[in-house]
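This is the structure I want to talk about, given as structure tokens.
Chain IDs A, B, C and D follow the sequence of writing; residue 1 opens each chain.
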Amino acid sequence: MEVYAIDLASADDNDLLEISREMGLNISLDRMKYLKQYFKNRPPTDVELEMIAQTWSEHCFHNVFKGDVVTEDGRIITNILKTYIMRATRELNKEWCISVFEDNAGIIDFDKGYAIAAKVETHNHPSAVEPFGGAATGVGGVIRDILGVWGEPIALTDVLCFGLLDTNYEDLPPGVKHPRYIYRGVVAGIGSYGNNMGIPTVSGAIFFDRGYTGNVVVYCGCIGILPRELYVRNTREGDFAVLAGGRTGRDGIHGVTFASVELTEEAEELRSAVQIPNPIVEERLRRAILRIRDEKLASGITDLGGGGLSCAAGEMAYRSGLGIDVDLDKVPLKAPYMTPWEIWVSESQERMFLSVPEKNLERIMEIFQEEEVEASVVGRFVRSNRVRVFSKGRVVCDLDLEFLFNPPKVTRRAKIPELTHIEVNLGEPRDLGEEILKLLSEPNIRSKEDVIRTYDHEVRGCTVVKPIYGDEAGPSDASVIKPLKDSWMGVVISCGINPFYPDPYWMAANSIEEAIRNNTAVGGRRIALLDNFVWGNPENEENMGKLLRAVEACYDFSKALDAPFISGKDSLYNESPLGPVRPTLLITGVGIIPDIRMVVTPNLKKEDNPIYVIGLTREELRGSAYLRLKGVDGGEVPRVDKNLSKKIIDMLVKAIDEQLVLSCHDISEGGLGVAAAEMVVATRGLGIEFDVSKIPSETRRNDYVLFSESASRFLVEVDGNKSRRFEELFSGIPFNRIGKVVRDIGLRIVDSKSKICELNSSDIKKAWRGY
Amino acid sequence: MRMKVEVRLKPGHFDPEGDVTAKSLRDLGFPVSTVKVGKVYILEVEVSDRKEALKLAEDMCKKLLANPVKDDYSIEVLSP
Amino acid sequence: MRMKVEVRLKPGHFDPEGDVTAKSLRDLGFPVSTVKVGKVYILEVEVSDRKEALKLAEDMCKKLLANPVKDDYSIEVLSP
Amino acid sequence: MNANRFKALVLRTGGTNCDLETKVALEELGVKTEIVHMNSVEKKNLLEYHLIVFPGGFSYGDYVRAGAVWGKRVLAKLRTQLEKFIEEGRLILGICNGFQVLAEAGVLPGNGVSETPSIALANNSSAKYECRWVWIRVENNETPFTTAMRKGEVLRIPVGHAEGRFLTGSEEILNELKRNEQILFRYVLPNGDDANGLYPYNPNGSTYDIAGICSKKGNVMGMMPHPERAFFGWQLPEWSGRPPERGDGWKIFKSIVDYLESYR
């Protein structure tokens, strides 16, 4: 039997590094030395070392977030996850937060005894190497995170960042695949998995930028629902450990350690680290798991993701205060001749791990059989704090869980980069209408309909506000689903992401506010947030400095905007021969709307209704779509005014509840000019006329007024009979009536009396939709 | 008897899977103009007569492996 | 050059699609013991050298058509 | 009116994923609905039910071909019962993957069951999965599935499939479908005019814009669009102010219930 003892005791530093490299452990020298010390009396087996490597990987343990950060001025911050993100949640102390940062997904209260679970993951490395399989298993994995808290998956989200599709082949270093290849594969992979599972993909975003050529970014999210009382986590001594779902194979070995490796030419060889998707297996698994939930048969559950069986078994035992014995001979395999360590750490997909009280075992196996899911008792929870693994009757791994889950802390240095001020030198264009059309057809702004329609967003019959709105296929700010038959309450799903703002603090602040703004625009409130960081190597002090600034903003704005974080994830070490990934933070917002019949949509409703802009426009164009279009970098990044933002959001919710607001769109990428045009896209036969001089603004250059990306702003159509009440609500807040809904014109913009531009609807639609 | 059945779209039917594969190969830099995709089934059939086996395979194609409206198929005996 | 690539699961690998197909054939009364499913690709490659074409096809398998963890493949030149 | 007397069987198998919303629609109209897995269907007496639904999804992972494996399983397990069921004029509805199943089982477009399919639902000509709301026109309102509509009425219902291009094995089969008035729904332009294959109104390239057909006797129907996703008004893609009470998919389920009422 192929189990090897690894001699650490006599290894010098070079040998230690060589062992780590050779075995693909990706463990640092410091930690190898620590292991050498720990195993001074006996050599560890390969199974043990592999388990340690998985458990201590950045992916599984979040070493950087949980470690120490030392700043240039000597501040030491311990555990930035706790210090910033979790602290905001703790201080906000919402009674509707049921489980946060603990389990596989965050859980918040919903209606009629039900709770909503939410989780967002990244799957960047696998998608770079094997786009279809990488993205598909990203979806599969996050669905299992929801099943792993007993949730029924009801909606999916995906946010994708690619290199430019027209990149020259000559510009690609070896090992980096063409963005078009990656794009096609990733989109197909996401669609395929969600469609096959019958879970609607309702929300997302797509970006294209050079900063993603070497490092594609793939975020996959899942929302689920569960009866509160069925959220069971009560694993006891003597419970059986049941492994169910797909068989274990050689795919996805070293996925988590690979997740922190730079993507170079050799990464090609790493296709084997990417799991192979099979959604049909997960579909059956879902059915079985939900039946087991409803019959209350299991005492605990977790998914198999990073680190495979080794992490699932270890974590479940550890968090239950128990130990576990696992017999690898009981694991159903799909590939021949697997060695014990391969079985133990394989990340083959579509597997779940359950703890089952003896008296329910028979019934559970019966359900698995009825649903055609393979399941096997692979072990038992025991009163010890060790994980013991058997193969062919021999102990091949015997580790103390306390040791395993308390790796030596990592310390990172942070250098906060100064953003140098750059003066913008840009002539004012003559034809602003032209600029609006150009922006509308810009790849990051224009419609993603051709992708969205390849995702089923209607399956389950619960999608109220779809990702593309109405027959005109206009943009939606957020998607709304109605999960319960007997409740009108809806879940509102939105996202915020601003990777182009070069200041990490304000980038994060804007992303948080945008997620909330998008949610509010359709009528969402009581918003919970998820943070997902995609960053370059944190051992680089500037990368770490940027990360620190971003998490600081997370605390500040979560707190100020009264929206707690409930879950998240970080993916660091996104490096390629083209350098680090563009630092990217995705904020997902999960809100509720008490009655889905009250949703507000972006399409214009009635001629002559007044159009208002809420919020203050400043000269904040750095990183804006407009300046990027012009190839200019400079000026100020948008800053979020906490107090103003909070007031505006609260008032807008009030105005929506009083039914004053007939249509609404948040102002973000491309500024007010693009937002107004997008409302026209969503509408048949009506358009907008407005006066730039009426926009509350700190700049008077018309192109800046139209294209600045200042935060906290909305465009709103108000019921003509209720405008007095509306104005009353917003008194004290910068806002103004800037125009009205008109017939037969797309967009007419004037400056006091003189006309600036006039665009007809079909040109606007053609620019944004491509037809 | 071991048999091999190949099922492919009839000529003239477009083959989206083939098209997507061709595009992906081109994106990877391969000089590929078209790709057609089909399925191969390697079947262990429990009869010893070659003729009977061929007939059976033919029948399997008609009843399950191919849809005559859109698919062509070919059958081959691999080994007795 | 027209080439044919066949991609199949490596021996010993679990083949759910083959198993379902076999079961379905047996349901229909066919004496089939096992089925293995694979894919065939008919590729038009724009090179005229046979050797080069074979090398390209090999490369396509490694990069896209086959998954090294589980698939075997075979390559054939159909016509120049 | 009390539809409670009626019982519907919604079948499922691994990969089926539209069974729940189909049940919701039927129950909303008072039909007692059971979802049963193919693995336990043998324990059931089909003749206890008035309606069998094959819902949408990716049965058996679309192995071999969409709908093929399930179609053959149905034949292998239920053939005699099913023939009786159809013979008695009870109703069978196949939606999306369910339509593919009925086609592959040879239950459509014939009268009874045939071993080799004479129609196919092939890959969409767009070469993509298509999730969109389409307009379909009622071509025959004298079947159990269409009585609650006017002939020529245009319905809005979404599709969601990658393989929905309706094909017949021959021109003759198509002509026969026309002659027998077996074509129930055709994709049309928003104003009700023929789509003539125009994408995206005809979302998949179906021959003669066919979206749904019934058997010769009219009691078996298959359609690619999903009526259960257009049942409630709030499911519609666009509404201003309050959503309407119902969507057009409701009319299909209502027709079924009306028919059962009048038939019994």
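Assume a residue touches a chain if its C-beta (ideal position, glycine included) is under 8 Å from a C-beta of that chain, and two chains touch if they have at least 3 such contacts.
A quick note: this is a predicted structure, and the numbers were derived from the prediction, not measured.
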Chain pair with more C-beta contacts, C-D versus B-D: B-D
Inter-chain centre distance, chain B versus chain D - centres from mean C-alpha coordinates, in Å: 29
Chain centre separation (chain A, chain D; CA means) in Å: 37
CA centroid of chain B to CA centroid of chain C, Å: 10
Where chain D touches two or more other chains, by residue: 60-61, 64, 68-69, 72, 128, 162
Numbers and ranges of chain C residues touching at least 2 other chains: 16, 21, 24, 28, 37, 63
Junction residues of chain A - those touching two or more other chains: 278, 280
Chain contact topology (line, ring, star, complete or other): complete
Touching residues on chain B, where the partner in the complex is chain C: 6, 8, 18, 21, 24-25, 28, 30-47, 56, 59-60, 63-65
Residue numbers on chain A that touch chain D, as the complex places them: 191, 195-198, 278-280, 283-284, 370-372, 452-464, 466, 469-471, 482, 485, 596-597, 601, 603, 605, 662
Residues of chain A touching chain B in the complex: 169, 177-178, 180-181, 184-185, 188
In the complex with chain D, residue positions of chain C that touch it: 16-17, 20-21, 24, 27-28, 37
Chain A partner contacts - residues on chain C that touch it in the complex: 10-14, 16, 63, 67-70
